[in-house]
Amino acid sequence: MKTFTLKLSGHLFDNADLLPTYVNLIRELWVNGYRMVVVTGGGSLARRYIEIGRSLGINESLLDMLGILASRLNAQLLASALSDIAYLPIPTDINTTLSAWATGRLVIVGGFQPGQSTATVAMLVSEALGIKNLVDCANIDAVYTSDPRRDPTAKRLERVTIDELMGILKSRTVAGTYDLLDPWALSIAQRGKITIHVVSCNNPDALRRLISEGVGAGTVITPS
Amino acid sequence: MKTFTLKLSGHLFDNADLLPTYVNLIRELWVNGYRMVVVTGGGSLARRYIEIGRSLGINESLLDMLGILASRLNAQLLASALSDIAYLPIPTDINTTLSAWATGRLVIVGGFQPGQSTATVAMLVSEALGIKNLVDCANIDAVYTSDPRRDPTAKRLERVTIDELMGILKSRTVAGTYDLLDPWALSIAQRGKITIHVVSCNNPDALRRLISEGVGAGTVITPS
Amino acid sequence: MKTFTLKLSGHLFDNADLLPTYVNLIRELWVNGYRMVVVTGGGSLARRYIEIGRSLGINESLLDMLGILASRLNAQLLASALSDIAYLPIPTDINTTLSAWATGRLVIVGGFQPGQSTATVAMLVSEALGIKNLVDCANIDAVYTSDPRRDPTAKRLERVTIDELMGILKSRTVAGTYDLLDPWALSIAQRGKITIHVVSCNNPDALRRLISEGVGAGTVITPS
Amino acid sequence: MKTFTLKLSGHLFDNADLLPTYVNLIRELWVNGYRMVVVTGGGSLARRYIEIGRSLGINESLLDMLGILASRLNAQLLASALSDIAYLPIPTDINTTLSAWATGRLVIVGGFQPGQSTATVAMLVSEALGIKNLVDCANIDAVYTSDPRRDPTAKRLERVTIDELMGILKSRTVAGTYDLLDPWALSIAQRGKITIHVVSCNNPDALRRLISEGVGAGTVITPS
Amino acid sequence: MKTFTLKLSGHLFDNADLLPTYVNLIRELWVNGYRMVVVTGGGSLARRYIEIGRSLGINESLLDMLGILASRLNAQLLASALSDIAYLPIPTDINTTLSAWATGRLVIVGGFQPGQSTATVAMLVSEALGIKNLVDCANIDAVYTSDPRRDPTAKRLERVTIDELMGILKSRTVAGTYDLLDPWALSIAQRGKITIHVVSCNNPDALRRLISEGVGAGTVITPS
Amino acid sequence: MKTFTLKLSGHLFDNADLLPTYVNLIRELWVNGYRMVVVTGGGSLARRYIEIGRSLGINESLLDMLGILASRLNAQLLASALSDIAYLPIPTDINTTLSAWATGRLVIVGGFQPGQSTATVAMLVSEALGIKNLVDCANIDAVYTSDPRRDPTAKRLERVTIDELMGILKSRTVAGTYDLLDPWALSIAQRGKITIHVVSCNNPDALRRLISEGVGAGTVITPS
């Protein structure tokens, strides 16, 4: 796994301790020859602006755009901290991502267009660039059959196919897991034959071990 | 319904007789004070380039982009034929659509980004511009419970909610109706509270009657 | 004063109560025939990202860019809440501001380029569009000879020339008033012969009275 | 001839058998160290949209634009099939072609602006990049003194100067050879001192032999 | 002739006396309801930069680009002096010209792409916008059968068809009249059925009389 | 000093003898492994267009833009003469400069936005790219305590801190040195910890010796 897409939960950007660790870890991976596209979520910043926007009566398309701008601000922050290796300005669609990638630099993006989560963006970018592995640094350590914070019988899934996961998602209604698991992102992952490795963003070591040793993922979601 | 989104099936652009009729009809509506955003499909041109592309091993994201470029070529053809009232160049995302709309001219778009059908684009644009009605000039005259060309028991739906339609879509697997009915487009329609009026693109009079008299839709899909 | 530039302190966007009031007030002014360019500051959002960025070792040019993106997110929020009259997407330099203004819609911008405060942007835009009055909705109600929160002898200035104000600014070093009073913004105001009306953003009525009755400014800064 | 411009007739994109051969040949040349800018014609797709557009009363400038978009769709198809080495998105003018070339990747373009054939584009790009040889994979195997399909006395020209060719072109009026031989393209070739090697696009081996062995061109058109 | 294209010789921008007259005349025409696209030449500025560039060994495509940038600087100067009615920024291709025109403002452009004179640009823009009359404020008062400054038998042409003019141009080789008379511009004028009215830019009154009274053109060049 | 910013006085572009020397010198430095961003001034061309523009009543923001376009024309001329190593098109803001720099080519820029001198641009670009040395090829050989052409007691400064220089600038009012010494540029230099090496642009050898031997600067301005 020398080339992969790295999806970073927006949660990371709310955490003053974690962010420097990830900046250093990404640089270290880069220096060691790993190549990646990083996709950043919007996190609490996106949620706050969407909440204010909703109270002002803004429609959902334009609320999505606020979330996208928040995720791009996070991408800009990360790329600025890595400006010796990262591409700037932040690409804003598939086309500009492709031309940024062509320069050989570290590419970092946020969201693209209303109606698409950053998880979907991560899949589309992976597919367009022919990247077969996506590491999802999520605000949870793995995929469970139900919400482990509420359901003591929740079972952690070590390995699951996208089809199986789609079946589980249909039968339950856990709010707030949208970012990790929306069906559109999964359907792109399936057609693009992308394997998703879920690790907790609160544990940077999981990412390091996954990349360098091939272990450490909470859940591996396979295209078939 | 003085302001609406007009989704035109790509099928229209394969038909030398229908296209001039629609050009004249759109101009006539415009002159009579109707305001609309037109979204064009990619039709057989999109299918042909995607088919060639697939045989060349191109990935699905880039195949989507070929389809998007095909739909934009159709949009450009239509806008050129209406260049006295239409906005050029063809907007390529929500942002450029908003600024084109701000000029007060007829706005015509094709697809936006990989991973989104032109039906989804039509919903997102409607939502962003606060447009509550979408006329879908489709390559079929109405929504049926199953494919009427194959199933003699297929029942035509005069009026259906998005929720009901989603239920029907889940339980069947009719290929080739993707353009009209994909669940992502429907979910945006639902959150945007958009009513969809399905008419046959092979019968321009249905569109005229729908706009001027409020009748003629094969199926009305309501957000609730 | 039918046409003016409205500089809104970023402070406004931290205040869930004030923002809706300003949204309504701007729409009301627009409906009554007032025409304006709104320039939004970055506020606490800008400060937070700049602070994180500085701790990550980001250089000042790129920190400025983070602040600019924050101010544009505020501009996007406001324009989305006024999307029936406001221009979108948010212009990002003098050129795109000019073309947005040409559409006759309400134009809202954030920052432009590193090395320029949003106050400077407000002056440059006023100058380029031939606007002679700028209303500065600041996080203070007027200009004082020194910081009134610390210095009981601070004297409020009702009317002051830019030259006099420059003199006062040179002789003191009040931190945190940068946004209101940086010398570059003032020098552009002087060459552009722009009169600056300072009102408190915490008191929307001051803005309403200033526009409709010509009174209410805490300080009037005149070009000569 | 390690660096050259490769003009591909739009005819190629109507031919399901030829296209994969050219995709492989271009990749093989690239891997062997050859560097090229590829310019694609619009072919039958361009002709079809221009024909429909003309029947709809579209003016010639906008018809040219339809042809340009068709040629860019062909360029996009080819670049997507070569996305591991080709630059995306497709450059649309001299400026974006220069910046794409600067990345060191394979650059593929279609048309640029109304009033210019893709042959002219090929000459302008060659000139701007300092490329002295252009291989024209045309829908004919060589230049003839008149149309060989109609005139049994037509003489094949092995080597001809641009001046001589201009003279021949003036004295005859063969329709349909516009793409290969328009005087504007030739005049740019002359000022840019570009040698044109005409080979038949129906015979990919001619291109391979020309590049690897220096033989195989049907006609060599020299600047003087 | 309420709508026309106005081609201004670059010569005008070398003349401190003429330029203000034209600024006022264009505003006066605008206020009186005339609508126009103005195309500015590059004049002596273009010639100077092209000359320096040629001595530095720059290729002809990039020299053309220097001339284009010079013509755009002239366009920017004129548009800035008319910034209350003119569109800014200066459009740089057919697409941006169309969207500028859609705003209803005065549109001013310079050159577009290498390989095209500003005369060709004027024809393409006229054609794309459906404008049938072009006023050419040239650095000569009319078209002559040969150069009147050198040939005492030169005959002034009051009215000439494009075909006749092409015939005359082929049979002589007057250097320095390129700007007025290049065959590519004429061929676009012919296909676009554009009538060209040549007046001397040194005599602003000729333009005023032509527009307001329909007389005053030195030569009228008709498409057939 | 393997990487530096090179600020070239616009004066250079008025001098037919100097320009080729600088073109050769920059290529020679590049070939020898030096990496640089070049920032070109607008020179007499900028002054001429600003003067004409002012006589036409153009506002200062738009006059600044004319000066910026003039400086970009100079940048385009230089980049065209170095088109084998330089990036084209000319970047127009910090973002496009960063992406041009990412290609590894020689980056040449002119001005960015109204209200900023090209000296300020040079500082912002240096800061954004982490470049710590700026060579200022100025139209004077060093910084003096007052204007040496008028004041026989003027003292040449070999080494001066930015703070000291700011003090000197405040206490005198030498017109025409704006380009070299404006306080905004100096304040960015200070925050970016950039050392400025002033050499005379009339003496290219000073630049060569400064780069290769570390001597030859008329004045060294240090951040502290």
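A few comments on the model shown:
Chains here go by letter, A, B, C, D, E and F, matching the order in which they are written, and residues are numbered from 1 within each.
Going forward, a residue touches a chain if its C-beta (ideal position, glycine included) is under 8 Å from a C-beta of that chain, and two chains touch if they have at least 3 such contacts.
Since the structure is predicted, the reported quantities are computational estimates derived from the model, not experimental observations.
Considering the contact criterion stated above, the chains in touch with subunit D and with subunit E alike are B, F.
Taking each chain's centre as the mean of its C-alpha atoms, the one that lies farthest from the centre of subunit D is C. For the pair subunit D and subunit F, the distance between mean C-alpha positions equals 43 Å. Distance between chain centres (mean CA atoms), subunit C to subunit D: 54 Å.
Multi-chain contact residues of subunit E (touching two or more other chains): 59, 62, 65, 83, 103, 128, 130. Screening every pair of chains for touch gives A-B, A-C, A-D, A-F, B-C, B-D, B-E, C-E, C-F, D-E, D-F, E-F. Interface of subunit B with subunit E (complex): residues 83-84, 87-89, 100, 103, 105.
Subunit E meets subunit F in the complex at residues 13, 16, 19-20, 23, 45, 49, 52-53, 55-59, 62-63, 65-66, 69-70, 72-73, 76-77, 80-81, 83.
Residues of subunit A that touch subunit B in their complex: 59-62, 65, 93-94, 112-116, 120, 123-125, 127-128, 130, 184, 188, 191-192.
Against subunit A, in their complex, subunit F makes its touches with residues 95-96, 98-99, 102-103, 128, 130.
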